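Right, one structure below, let's go through it.
Chain lettering (A, B, C and D) follows the sequence in which the chains are written, and residue indices restart at 1 in each chain.
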Amino acid sequence: MIRVGIIGATGYAGSELVRILMGHREAEIKWYGSRSYIDQKYADVYRNMFCIVDAVCMDDNMEALSKEVDVIFTATPQGLCASLVNEEILSRVKIVDLSADFRIKDVAVYEQWYGITHKSPQFIDEAVYGLCELNREKIRTARLLANPGCYTTCSILTAYPLIKEGLIEPDTLIIDAKSGTSGAGRGAKLPNLFCEVNENMKAYGVATHRHTPEIEEQLGYAAGRPLTVSFTPHLVPMNRGILVTEYASLKKKEDGTLPTAKELRAAYEKYYDSERFVRLLPDGACPETKWVEGSNYVDIGFVVDERTNRVIMMGALDNLVKGAAGQAVQNMNLMFGLPEDTGLSMTPMFP
Amino acid sequence: MIRVGIIGATGYAGSELVRILMGHREAEIKWYGSRSYIDQKYADVYRNMFCIVDAVCMDDNMEALSKEVDVIFTATPQGLCASLVNEEILSRVKIVDLSADFRIKDVAVYEQWYGITHKSPQFIDEAVYGLCELNREKIRTARLLANPGCYTTCSILTAYPLIKEGLIEPDTLIIDAKSGTSGAGRGAKLPNLFCEVNENMKAYGVATHRHTPEIEEQLGYAAGRPLTVSFTPHLVPMNRGILVTEYASLKKKEDGTLPTAKELRAAYEKYYDSERFVRLLPDGACPETKWVEGSNYVDIGFVVDERTNRVIMMGALDNLVKGAAGQAVQNMNLMFGLPEDTGLSMTPMFP
Amino acid sequence: MIRVGIIGATGYAGSELVRILMGHREAEIKWYGSRSYIDQKYADVYRNMFCIVDAVCMDDNMEALSKEVDVIFTATPQGLCASLVNEEILSRVKIVDLSADFRIKDVAVYEQWYGITHKSPQFIDEAVYGLCELNREKIRTARLLANPGCYTTCSILTAYPLIKEGLIEPDTLIIDAKSGTSGAGRGAKLPNLFCEVNENMKAYGVATHRHTPEIEEQLGYAAGRPLTVSFTPHLVPMNRGILVTEYASLKKKEDGTLPTAKELRAAYEKYYDSERFVRLLPDGACPETKWVEGSNYVDIGFVVDERTNRVIMMGALDNLVKGAAGQAVQNMNLMFGLPEDTGLSMTPMFP
Amino acid sequence: MIRVGIIGATGYAGSELVRILMGHREAEIKWYGSRSYIDQKYADVYRNMFCIVDAVCMDDNMEALSKEVDVIFTATPQGLCASLVNEEILSRVKIVDLSADFRIKDVAVYEQWYGITHKSPQFIDEAVYGLCELNREKIRTARLLANPGCYTTCSILTAYPLIKEGLIEPDTLIIDAKSGTSGAGRGAKLPNLFCEVNENMKAYGVATHRHTPEIEEQLGYAAGRPLTVSFTPHLVPMNRGILVTEYASLKKKEDGTLPTAKELRAAYEKYYDSERFVRLLPDGACPETKWVEGSNYVDIGFVVDERTNRVIMMGALDNLVKGAAGQAVQNMNLMFGLPEDTGLSMTPMFP
């Protein structure tokens, strides 16, 4: 039985970790860390856990925690994990960090986009980027795991095979992303009030959103060279779900023709056919966020537009599951040698 | 392994049965019946089941079906189950009927409220009303199980202990119920369109809703005599969830005083303390539908109003789970001698 | 042209006053008071007012304000208006207070339910309760107008004719009320976040909500004696709208029979037939909040339940219009001798 | 007083025409045409109109209608207007067609995208495309007015100045559009049910949506040559509102530099500074659909992304107002010599 500690257990991602781990037969939560609710019953903060979780919230003490558990999930704001982690702790426990602290290999890029000084740059090299479908082998042996962002997971998986196989022009990639409001967290902020979000839609963070460099780094590895993308997130009046619509120009083959829909499908199949959590939809089907809600799936579809010689790629996931807690558990499973889908067999809930 | 057939697998209740049974280790669905989608892939009707359910939809042939499975769920409109069932079928399989056909013992009451002639009145006596918390022992040996309505389950469980213990005046009972829109089914009807329901709220079926006689019959058993209730359902712009707010006058005790909140709590605890799926909330807490979403729980709370000598009782459940498919599986578990919560350990999803 | 000042112009009720007054040909806003946003452009706080309102927000200085305008609306938390008003101010301007400070005639009742000391009890007697349909003549000459609460307006108007005419038993009255989330205000509080409200429903303030004594006082006048009601508010995942469902036992007439639906309708017609903003729906129609959204209407319907000898009354209004800002403007119109519906002819917006 | 007839008065666009014209002091609706509801009271179909509209629905008889009114609005499916119109009718009344029948100048393009044969191609040349901001002078004298589509209005106005001034590369234009569900109409179709749309988001009509050629034609006029765009609509769980996010590469100036944000703003101001219904937002502000709800405004913002040398343009409007009925009334005002904003001064409703 894996003993689990969570730092930041009362945010939406933290609480989703709790929900998922309640159904994981090989893991047991030993520490519900939440600086804001110390000594309060967890089930009083999340009443859905009434009669399910009996524990009270603890402080965010990674030092103490590292002596009691096998793995620590940090579901906390940027900078916290980097400020707490050290060699001693890493020698005792594995860490799955749901924040951005160890996602980006170039510390300057991190510090520029996040506007803070990185407190533990010495661990960046060691940290493994936890996008299981791309990095599975490295994840198995990682001590420090950088769990990808929600937008990032969806954006990368949707475009990866076509970039990797050289079927699209990398620098034409435009990602128009739409997210449910739980992605904004549980902080009591005016723009996240029901009446501000409901019956409303907007873009935000245009040309400046922090998930951009993370997408560029990972897709740059696929392309074999650096690339820049346009990434625009939008806020949608729903609780959960991310939908990305991605546009790219098809890349001429050596014979001067453009790749066909069949060739694009073959590329997707090459990378995803044996993936447990990636569902490549039939021709003509567009992903819908509700079809993956509550589950660890990513649904992907695409359409070739012969009028514009572009491909429109679409991906959908649940931002709190495959976009956060579910992927974190998938990573934990790999890191502890368990079947990758242990505790992750939730069927999507519809409606 | 219990072999399961579903008639009406493409309605919302039917699809929820599929979702729940996907996580049930002792049951396997052998027949996805849906007259409207015969020969179509089930996962094309419910794309959330893509890569999970590979079957195609079959006709609603109970005769054929009864030879291939151990239990049949009928998640169909009123009248269909009663028109299909016969002694031969019942000798072969158990039937869990999610429609109202066998819920009401007095066939005249059924025919009056539902406006149709009952096709199999000879089985009404035998049928067991499947509210597990009240009828557990009879359910274990039932061949024909009448699965309660969604409003009914919530309304009855919320008031039952106080009526049974004689703490409230039965005839003062008023039930104001609010339901998510999935309760209206998946039929393509104008009043259920997004734009008609969203940002809107209304009562409907005032003084005429068909769940009324079902509530009255069951609470009448608790009271030891017939009673009438005011029951008013409302449509709420959310997918899932039923909330009932029930009002009743406290009943004077023999010494002329009124029962206290402590005494009411003791009554609830007497009946529900060992119930796996009933959660009696702490003093002062009001149930919220989101706290039970996706799970088989009923959350119950109450407030004594000393100004009016009334108690306000509140109950919340997920209409598709404890209000339909979850309760149906709970009944199946009892009927087949399995632990009552097999396949029903879903943690509520929040947010 | 009536010169208008608003104290609390950046709350939802305040901003709705602005929206309505933009379409009022006899009024002009001279002062947008908002302590939280002093010196900021109003259109930066409410971007819907971009290119419409050019003013910046001012302090809540009632003294200064009273010298520049003809009427002051206070759309502020309880206690503020009472702490600012004095004889000198009242001699200069008319005041329409959207808070509860002057709604309840018995100061002890006010202080008990609101938990604060009333700062200007000397004006309570003079203040006129601004439910136009009941108090029209007094409103015309008022200096200090207590604008009714949102729940209150809907609850009272829905039951008033039947109580006034002695057709129901006053003490059996139970009011189950449902409100959109804008009723909770624009404060950045966790329970009002989108993800906490959406796909959720709950009761709150059970047996303790502050609108209760206000309802009881006004309906007590109608009954000719004090009465108590059960009043239960609920939070609904929609922006605007209040729906009340009210239950009462029919009162036997002298000949021992119960009043008929026709008699109840006659009572409603007696009071509302010439009312511009009350719409008595046809037999069998249940009010829906969306049918009045954005308008100053109250829609009322009722059903007689012969099984229980009760009447179920239903009322719907837009909590920010007839439940707050619209009614405030209706009162202003009366106080300044204008046609009562000036600026209030908004057609409900559907969908 | 302009006498108005509406064919298709019971669709969402038709009912919005009714709502807007109720507040138009120079127009009076004489004919509520609705084949589906002939002889039924209009207020029974749209209960928000109770006590406001007293008329019953009439047949869609354009011949008869043309003798009784001055202008006919056709808010009907594609093909109907073209099948009814003739020279005699056009000699008697002006026609504002809200369908696509006369929007596209090349009848072959129309027939290809819409899949129907055009019944009155002889009027296509004469018809004026009713995007007031671009075609104002021609509209004034039009007999037959082709009212633009909802997506189209938003897409064109958002990009027009930058294309017209040669500041972006026309063929790089990608339009990612998001629409509330009222855009799908009031037909009782499964995909538009509340439970299918709520908590869900999807793209649809990818690379095939019929508004594409309309956008290309109009923007082609601006560019001075034909162009193709990628246009992807999405369905959003809200009633009203369209948001477009448009991407284009900045076009190098003759001196080899790229246009600056200041230059882009100057281009927008050149075309929109004196436009009553276009609001160019301040730097850094992103349009939100809620800020224009219920009004005839289009809100436009843009961000220059120096990393990718692209501009991200954003536009928001209410699909039923500026995207349909409001623009139709704006066109009517121009055609009858009235001030362009008569009856269109609705302040956006928030929240």
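To be clear about the criterion, a residue touches a chain if its C-beta (ideal position, glycine included) is under 8 Å from a C-beta of that chain, and two chains touch if they have at least 3 such contacts.
Just so we're clear, the structure is a prediction, and the values are computed from it rather than from any experiment.
*Asks:* Can you list every chain that touches chain A and also touches chain C?
*Replies:* In this structure, the chains that contact chain C and also chain A are B, D.
*Asks:* Let me check something: if the centre of a chain is the mean of its CA atoms, which chain is farthest from chain C?
*Replies:* A
*Asks:* Taking contacts as defined above, which has more of them, A-B or B-C?
*Replies:* B-C
*Asks:* Between chain B and chain D, what is the gap in Å from one C-alpha centre to the other?
*Replies:* Using C-alpha averages as centres, the distance is 46 Å.
*Asks:* Round to the nearest whole Å and give the separation of the Cα centres of chain B and chain C.
*Replies:* Averaging C-alpha atoms per chain gives centres 38 Å apart.
*Asks:* Counting in whole Å, what is the centre-to-centre distance of chain A and chain B, each centre being its mean C-alpha position?
*Replies:* Once rounded, the distance between the two centres reads 37 Å.
*Asks:* Going by the touch rule set out above, which residues of chain C reach two or more other chains?
*Replies:* Within chain C, residues 12, 182, 195-196, 198-199, 237-240, 288, 290, 293, 351 contact more than one other chain.
*Asks:* Under the touch definition given earlier, write down the residues of chain A that touch chain B in their complex.
*Replies:* Of all residues in chain A, those touching chain B are 12, 15, 19, 22-23, 46-52, 182, 198-199, 239-240, 279, 281, 285, 288, 290-295, 297, 299, 345-351.
*Asks:* Which bits of chain B are touching chain D when the two form their complex?
*Replies:* 12, 181-182, 186, 188-190, 192-199, 237-239
*Asks:* What part of chain C is in contact with chain B in the complex they form?
*Replies:* Interface residues on the chain C side: 174, 176, 178, 180, 195-196, 198-204, 206-207, 228-230, 232, 234, 236-241, 243, 245, 247, 286-290, 293, 303-305, 307-308, 310, 312, 314, 316, 351.
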